[in-house]
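Worksheet for the structure shown next.
Going in written order, the chains are labelled A, B, C, D, E and F, and every chain counts its residues from 1.
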Amino acid sequence: MKQVVTFGEIMMRLAPPLNYRFAQAASLEITYGGGDANVGAALAGLGVPAAHVTCFPANDLGHAAARHFRALGVNMDATVFQGDRLGLYFLEVGAGMRPSKVVYDRANSAFAHLDPAAFNWDEILKDAGWLHWTGITPAISASTAEATRQAIAAARRLGLTVSADVNYRRNLWQYGQTAQAVMSELVAGCDVVVCSENDADDLFGIKPQPGTDSKFVSVAQQVMARFPQIKQVVTTRRKTHSASHNGLKGLFYDGQQFLETVTYDLNPIVDRIGGGDAFMAGFIYGSLTYDNPQQALTFGVAASALKHTIHGDINLVTVAEVEEIMRGNTSGRLLR
Amino acid sequence: MKQVVTFGEIMMRLAPPLNYRFAQAASLEITYGGGDANVGAALAGLGVPAAHVTCFPANDLGHAAARHFRALGVNMDATVFQGDRLGLYFLEVGAGMRPSKVVYDRANSAFAHLDPAAFNWDEILKDAGWLHWTGITPAISASTAEATRQAIAAARRLGLTVSADVNYRRNLWQYGQTAQAVMSELVAGCDVVVCSENDADDLFGIKPQPGTDSKFVSVAQQVMARFPQIKQVVTTRRKTHSASHNGLKGLFYDGQQFLETVTYDLNPIVDRIGGGDAFMAGFIYGSLTYDNPQQALTFGVAASALKHTIHGDINLVTVAEVEEIMRGNTSGRLLR
Amino acid sequence: MKQVVTFGEIMMRLAPPLNYRFAQAASLEITYGGGDANVGAALAGLGVPAAHVTCFPANDLGHAAARHFRALGVNMDATVFQGDRLGLYFLEVGAGMRPSKVVYDRANSAFAHLDPAAFNWDEILKDAGWLHWTGITPAISASTAEATRQAIAAARRLGLTVSADVNYRRNLWQYGQTAQAVMSELVAGCDVVVCSENDADDLFGIKPQPGTDSKFVSVAQQVMARFPQIKQVVTTRRKTHSASHNGLKGLFYDGQQFLETVTYDLNPIVDRIGGGDAFMAGFIYGSLTYDNPQQALTFGVAASALKHTIHGDINLVTVAEVEEIMRGNTSGRLLR
Amino acid sequence: MKQVVTFGEIMMRLAPPLNYRFAQAASLEITYGGGDANVGAALAGLGVPAAHVTCFPANDLGHAAARHFRALGVNMDATVFQGDRLGLYFLEVGAGMRPSKVVYDRANSAFAHLDPAAFNWDEILKDAGWLHWTGITPAISASTAEATRQAIAAARRLGLTVSADVNYRRNLWQYGQTAQAVMSELVAGCDVVVCSENDADDLFGIKPQPGTDSKFVSVAQQVMARFPQIKQVVTTRRKTHSASHNGLKGLFYDGQQFLETVTYDLNPIVDRIGGGDAFMAGFIYGSLTYDNPQQALTFGVAASALKHTIHGDINLVTVAEVEEIMRGNTSGRLLR
Amino acid sequence: MKQVVTFGEIMMRLAPPLNYRFAQAASLEITYGGGDANVGAALAGLGVPAAHVTCFPANDLGHAAARHFRALGVNMDATVFQGDRLGLYFLEVGAGMRPSKVVYDRANSAFAHLDPAAFNWDEILKDAGWLHWTGITPAISASTAEATRQAIAAARRLGLTVSADVNYRRNLWQYGQTAQAVMSELVAGCDVVVCSENDADDLFGIKPQPGTDSKFVSVAQQVMARFPQIKQVVTTRRKTHSASHNGLKGLFYDGQQFLETVTYDLNPIVDRIGGGDAFMAGFIYGSLTYDNPQQALTFGVAASALKHTIHGDINLVTVAEVEEIMRGNTSGRLLR
Amino acid sequence: MKQVVTFGEIMMRLAPPLNYRFAQAASLEITYGGGDANVGAALAGLGVPAAHVTCFPANDLGHAAARHFRALGVNMDATVFQGDRLGLYFLEVGAGMRPSKVVYDRANSAFAHLDPAAFNWDEILKDAGWLHWTGITPAISASTAEATRQAIAAARRLGLTVSADVNYRRNLWQYGQTAQAVMSELVAGCDVVVCSENDADDLFGIKPQPGTDSKFVSVAQQVMARFPQIKQVVTTRRKTHSASHNGLKGLFYDGQQFLETVTYDLNPIVDRIGGGDAFMAGFIYGSLTYDNPQQALTFGVAASALKHTIHGDINLVTVAEVEEIMRGNTSGRLLR
């Protein structure tokens, strides 16, 4: 199997233990994550060769972050070490009707200030088969957008599949270019996109046609019309009963068939962060492995469902574990 | 907004981590709490100026307890430091069908042996607008009952609103006076009381009139007839599915209208201790802030619902968080 | 009350904290357990004189294991200290649809290599009234099977009641004798057996008669016909909704009456390991204490239900706590 | 070897982790200890049959304390469960020039209020060879003094050796009888006493004769003259360089020979609490085992030296470990 | 006693537990500190009314920092809540020959971007008697330098004593003005300065006169000549044997007398951060309390010595504890 | 720089926190180590390309061990996953005069049962420049000895430098071949050996010539005479003051010059395990980097000295940190 390459920022995540509020914390637990890197790390765990491309400060925190992903089997050889600080985010884990809460402290990170020229994409991607990025990366700064642009261009040149989780975050996008303009250019180079109805509206002004059976299909059709390179649009639909209890399903459209999965009942939720990244990793794995998109989609959602039982941003599961869920074995019966 | 003053004992709470039984504990987590002080601390968190009046031993444990409430923004300037020991309680947190369990070790505390003359209530209450106490305080000793009596008298003299959570605890009340006699005298000086049907029966021999639509209203009417100073009777109604899953609603009667709230579903419960105190703090906040009692009542119950997701005796929430619950946003959706 | 004696291996259990995966563990929490010993320890907690017979290596780990059971009030005086290593098992605790997972590391333990001649059963059992063992013990090695054989023979000689949890584990039984042959001989000496339909099939080739009302009764009848010493067959029936949520009931047949219990709803599950042992301890307690088997059976299932809220292999509950559940008080209401 | 019986209060010890001050503690580590019980537990670890006699409240804390000593191999069968609360002490561990600090909370404990009639000393001591008590026990209350009196009387009747660590604590002795009067009566029944020059002065008004070579010998001679039953006086001499660094030696006089040991250098000190109890346990072990008092004395001091490297009140060491120190192997070289 | 006011940044300090390296950390312990604020908090612990002036972001981290100092009894009422992020520093605690290591992440903090106009110094200082600041504060940004300038001007107007720890840090001072220029202006308004020989050279180009008896006196004389407002120059002299073992003494010159203290032996060192701040707090306390500067100086050094045994940036000690060290009681003997 | 390849077993190390005894442990901290692998991991940290060759069971524990070394930058691509169990060792950390204590549980590990044919040494070593192994590896089993033999043969064929730490452990070597025979054959293929006087005696019957100036030189000369391939003999000399305080120096002989280093004072010792491996890694680094052996030797000892301040088996230090010690900067002065 060829390598999947991901590109984006990795932050240190700092969270009080258990369900403590920030106001109660005497210590913070460290993990690391980032939307794109989480996909790479989950793929490595599924046995797919994975490399992640990022920029860290050349201090102990940057090295610790690299170490974390190396442990998970992600090739970090293309990491650039320069810049001032590691991006951070603080997470307070909710419960029941109290939501989890994120305080970002990522401004002026080494990644935000990266030099696009530091990445030789033709070299980095030379043995790869797939490039994946998220809408967070070009949202951070003009230089991260430029690097994304160059990565996609190289990937197209080299014949890779390109996927994106468009993932619109209003609070980012503060460097003077609009999400709409930047993302339209970048998405135009993609084969597969994760894009919800809300994302389509916010980024592309695309709304479901009135009176259509499926709003998702209507939106996906318009996205595919606008960006002809795109061959598949996927998304997950989450029903939020409480911070501890959600439902989750997956949706897929490829211009011809509309597919969806059963709804998995997620209860209790151990850690909801990274659920979307786990889905995308699973869907990429499934696309590389199975013959039909229904299995790829179900693998993605089953993988994401398991992620919600696992602490940290990253889905630490095996193919066998996900396939067990796909077969309907969701009973959690003890394995000896 | 004028200061709310609370009066009562603060204990160190010692609990094994997680759901461990006492028999398994190698360490005990420290927090601090007390019915009245929990109300004051929650009010401080809601932005209401709050002061708590208590008595601690002049040792490291007493100072640590004072420090805990000072951190939360409670004015502790009227604390008297004298006496022998800090009251303690040991908490074992249950789960499912195993109840949580409290072992009290509060006898002979500094608070129980306080000298009523040590508190200059006219000075303490001179800038305050509201005095709150609970039925636990006069249950501890003749001197704590006497101090409560003097506090209420001063509050009435100075024109404060006086509220009480009558909170009958059979195991206390061992100093030779009856709860019935002492509490009748003290409740007579109150404007607002938290009083359940059980409390009314145990303390005042008041039972619902046979055949009434609402037992709560029937009881509240008799309480208000017996104690003409009382203008509002409130309570919460808890449905205990398991130690991890409860339902909660609020009830209110003011002589004219009977109000109730929706039932909030509490699942999972992180920490049930202090749920009633969180309600009272929320109801006081609401009474000081909103025009109508329905909003005050709902704020109180919504605040208490959130309390059940928070570790420790004290409700560490903001007004914005409670109002989100009041608006029906109980889905616990991640806040970025 | 006469002593209950149990015989079998005790392992050190090593588990990551909370719901962490093995891949995330920086430390492992220690408890100790073993199917038979868990029964003895739970009985000691219920006030029944209990002794456990086992073999530990004469190193710090063996002594720590003995210490753990001595703390719980189990008489460990018959422990033999010889051999090379303490058996271990590693436990990863699941959640929701992710199952808990056990990695055994028990081969070549001191217990597996025990010398049957080291146990003087006539001396060990001389004051006892009941001997309990599980199907795990004879599955480990020829010498543990031989020791079990001798223990049962002595118990029969001395007039004890003998019970077994037949507990078939395919992964064990690797020393060259078949489970079918060994267990048939050993079960023949028992008065009471825990035996599910699956166990009966795997061990004795007994299947329910087609068309019977109750598969359990059909199987139990055949077991009792095959092994005439057996007077009672019991089992639990578990409905596995998820790793965090199960239902549990108990079944009983004594040749005349078929009894069952209500289904207890176990939600959330704190620790599912040892649930069957807690049932057996409760059933033994009930058999020694109550006049009728319905109460014994219900006590066993109520005890097992409580076990699921308690961390570790062993059911740390009192008779009063179990009887509260039997009375239907499963609401987990706070005890002050 | 015959059983050694100890009598006295056991307290729960609650200490912040590491070197944190009380003001910084978010949790407290639990151990248990008491001067007399520490001797018994250390003896059990040295292979001497040991029983401890005490009184606990019949609550979860009392049972946990009993469990702790049972785990260590101490026979706790004579424990009386009655009374209100478990005695506590809070310990802040110092470092360098900052001393460790103890806050006692032991007033009104179950032990302080024990009923002397609850102990049948003739039964308790019937198989024992040695009774040990400390001066703390009769200091607590008139009833604990009376129980000590009865224990000594029974021991003398039954021909046991009786030892005491006279251990004068000024802060205790508040029940209206003087230490001098009570202790003189009790010490009169002893064969062996631990008594420093300060203790002798405070309790018996005995001061070293001016101009004597050894103040200790001078004092010991007077003590033995006053109390003719006493055959050996021992003590340790501690040089306190800092909270982390002490020197320690032992002194002995038996009316004929004066013995002392080398000074052991204790650096770093892990836990200094219970150092004296570890000495006494070692000296008792040595007296029961060796032919000459020099070895007994050295064993006691070597055991105490090791205690300073062990967390908690109790000396968890083996005979082989102590004898290694006695042989001069204090280099702490790794054991594989 | 009049209030002492301090001004400066407070950072969250994040440190791996124990002596773990950053590369090994799975969690980070939180405390808070800042050179100026540490002085205020230590003064509050010594019973001196203390207020600290700072700027925090209006997020959960800023509020937690304020809470930490409020708990310690510091008046935080003048805190301005605005700006983007809380300054952080990461601390790796060394041992023996491995140094502790700090990674700063304080750029672009709320404090660095503060608006000088947000502080009404005449109001803030109206009841104060002393203003203290450190050279770190004007090193951060032009606006923090400006605010320091205004604070000193107001203090002089209102007749306060002004002190500074000049504390030159080469890595700061990046906003385009030189330390030399800025500090000369600010120091000119001070009565008391902490200034080592190195600081004097780096900041003012002052070197000891060749051939003088005491380099410190020579430097102090020149400093006082250059800045006539200064009446006292003090410093500490540290001998660094290892990260775990230091010696510490204090030096003082007031134009007439040169004073020094004994050298305290610091071994082992629990936490060396904040040792200088503890000295300054102690010296201020001593100056406000004692008649002669020798006692003030010794109190400062004794307080600093104790700080090295205490975890965190802040000296949590009482006057009685420091005076014990002053009396030479450095033996760390257990306090019961 | 060419890759250094190491070969040997990696065990999970399980240790109670802090200085707790096994008898006190409620949890065990996990790290991983093995004499050869520790060298590889330390080299990776020093920037040398490093690969380790080993055999793990294909279970979660084996994968976690691999992950640990991958995180440290060690190439683990040649790992064979087969066999039954991961080798374990339990470590109790001593203090002062109480030694640390290791309980091994490594029998029947996957590594012990490895299949020598599973390693293609010509492929594994094709880009390498150095092979390092320790005397522990051939001591484990005939098959590990055979694999070592094949590795050395391939290395010689391919022209690598071969080094060994002969490290005689009497408790191993139980598979029926003598250490003397096996090691003589293997050492004959080495260029560099770590060999103390004791090792030389135990393995080769080589004793210092009577009357020689340096016993080490005398032994090294004989070793080099016996095994002509050997060009350098090195060792460390440890002075064990206590478990917390050692001295350490290095010795070197190459047939011509005898070199030694200063003695480093190690106080306090955080973790002594892996000190020898840290020395060897440093000496290899130095040999690859510096022109003269004195610097290589000093780098090795300085690196080992730092190791004693670091938790775990592996030396987590940089070249800059070691060179600072080499320059004599052992004062542990805070780095900002």
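Please note the rule applied: contacts are C-beta pairs under 8 Å (C-beta built on N, C-alpha and C of every residue); 3 or more make two chains touch, one makes a residue touch a chain.
Worth saying up front: this structure is predicted, and the values here are computed from it rather than measured.
Enquirer: Out of curiosity, which chains are bumping into both subunit B and subunit E?
Expert: Joint contacts, listed by label: A, D.
Enquirer: Where centres are the averaged C-alpha coordinates, which chain has the largest centre distance to subunit C?
Expert: E
Enquirer: Which listed pair, A-F, B-E or B-D, shares over half of the residue-numbered contact pairs seen at C-F?
Expert: Interface equivalent to C-F: B-D.
Enquirer: More than half overlap in residue numbers between the two sides of the subunit A-subunit E interface, or less? Answer same or different.
Expert: Counting shared over all numbers used gives more than one half: same.
Enquirer: Measuring from the mean C-alpha position of subunit D to the mean C-alpha position of subunit E, what distance in angstrom results?
Expert: Whole-Å distance between the two chain centres: 46.
Enquirer: As a quick test, compute the distance in whole Å between the mean CA positions of subunit C and subunit D.
Expert: From the centre of subunit C to the centre of subunit D is 42 Å.
Enquirer: Could you list which residues of subunit F touch at least two other chains?
Expert: As it turns out, subunit F has residues touching two or more other chains at 18, 21, 23, 26, 67, 101, 268.
Enquirer: What is the complete set of touching chain pairs?
Expert: A-B, A-C, A-E, A-F, B-C, B-D, B-E, C-D, C-F, D-E, D-F, E-F
Enquirer: Flag every residue of subunit E that touches subunit A in the complex, lowest number first.
Expert: By the definition above, subunit E touches subunit A via 14, 17, 21-23, 25-30, 59-61, 63-64, 67, 84-86, 88, 90, 92, 101, 103, 105, 107-108.
Enquirer: For subunit C, which residues are in contact with subunit D within the complex?
Expert: Against subunit D, subunit C makes touches at 67-68, 70-73.
Enquirer: Okay, in this complex, where on subunit B does subunit A touch?
Expert: 18, 264, 266-270, 305-306, 308-312, 316, 321, 325, 330-336
Enquirer: Name, in rising order, each residue of subunit A that touches subunit B in their complex.
Expert: Listed in rising order, the residues of subunit A that touch subunit B are 18-21, 23-24, 94-102, 104, 169, 171, 240-245, 268, 272-273.
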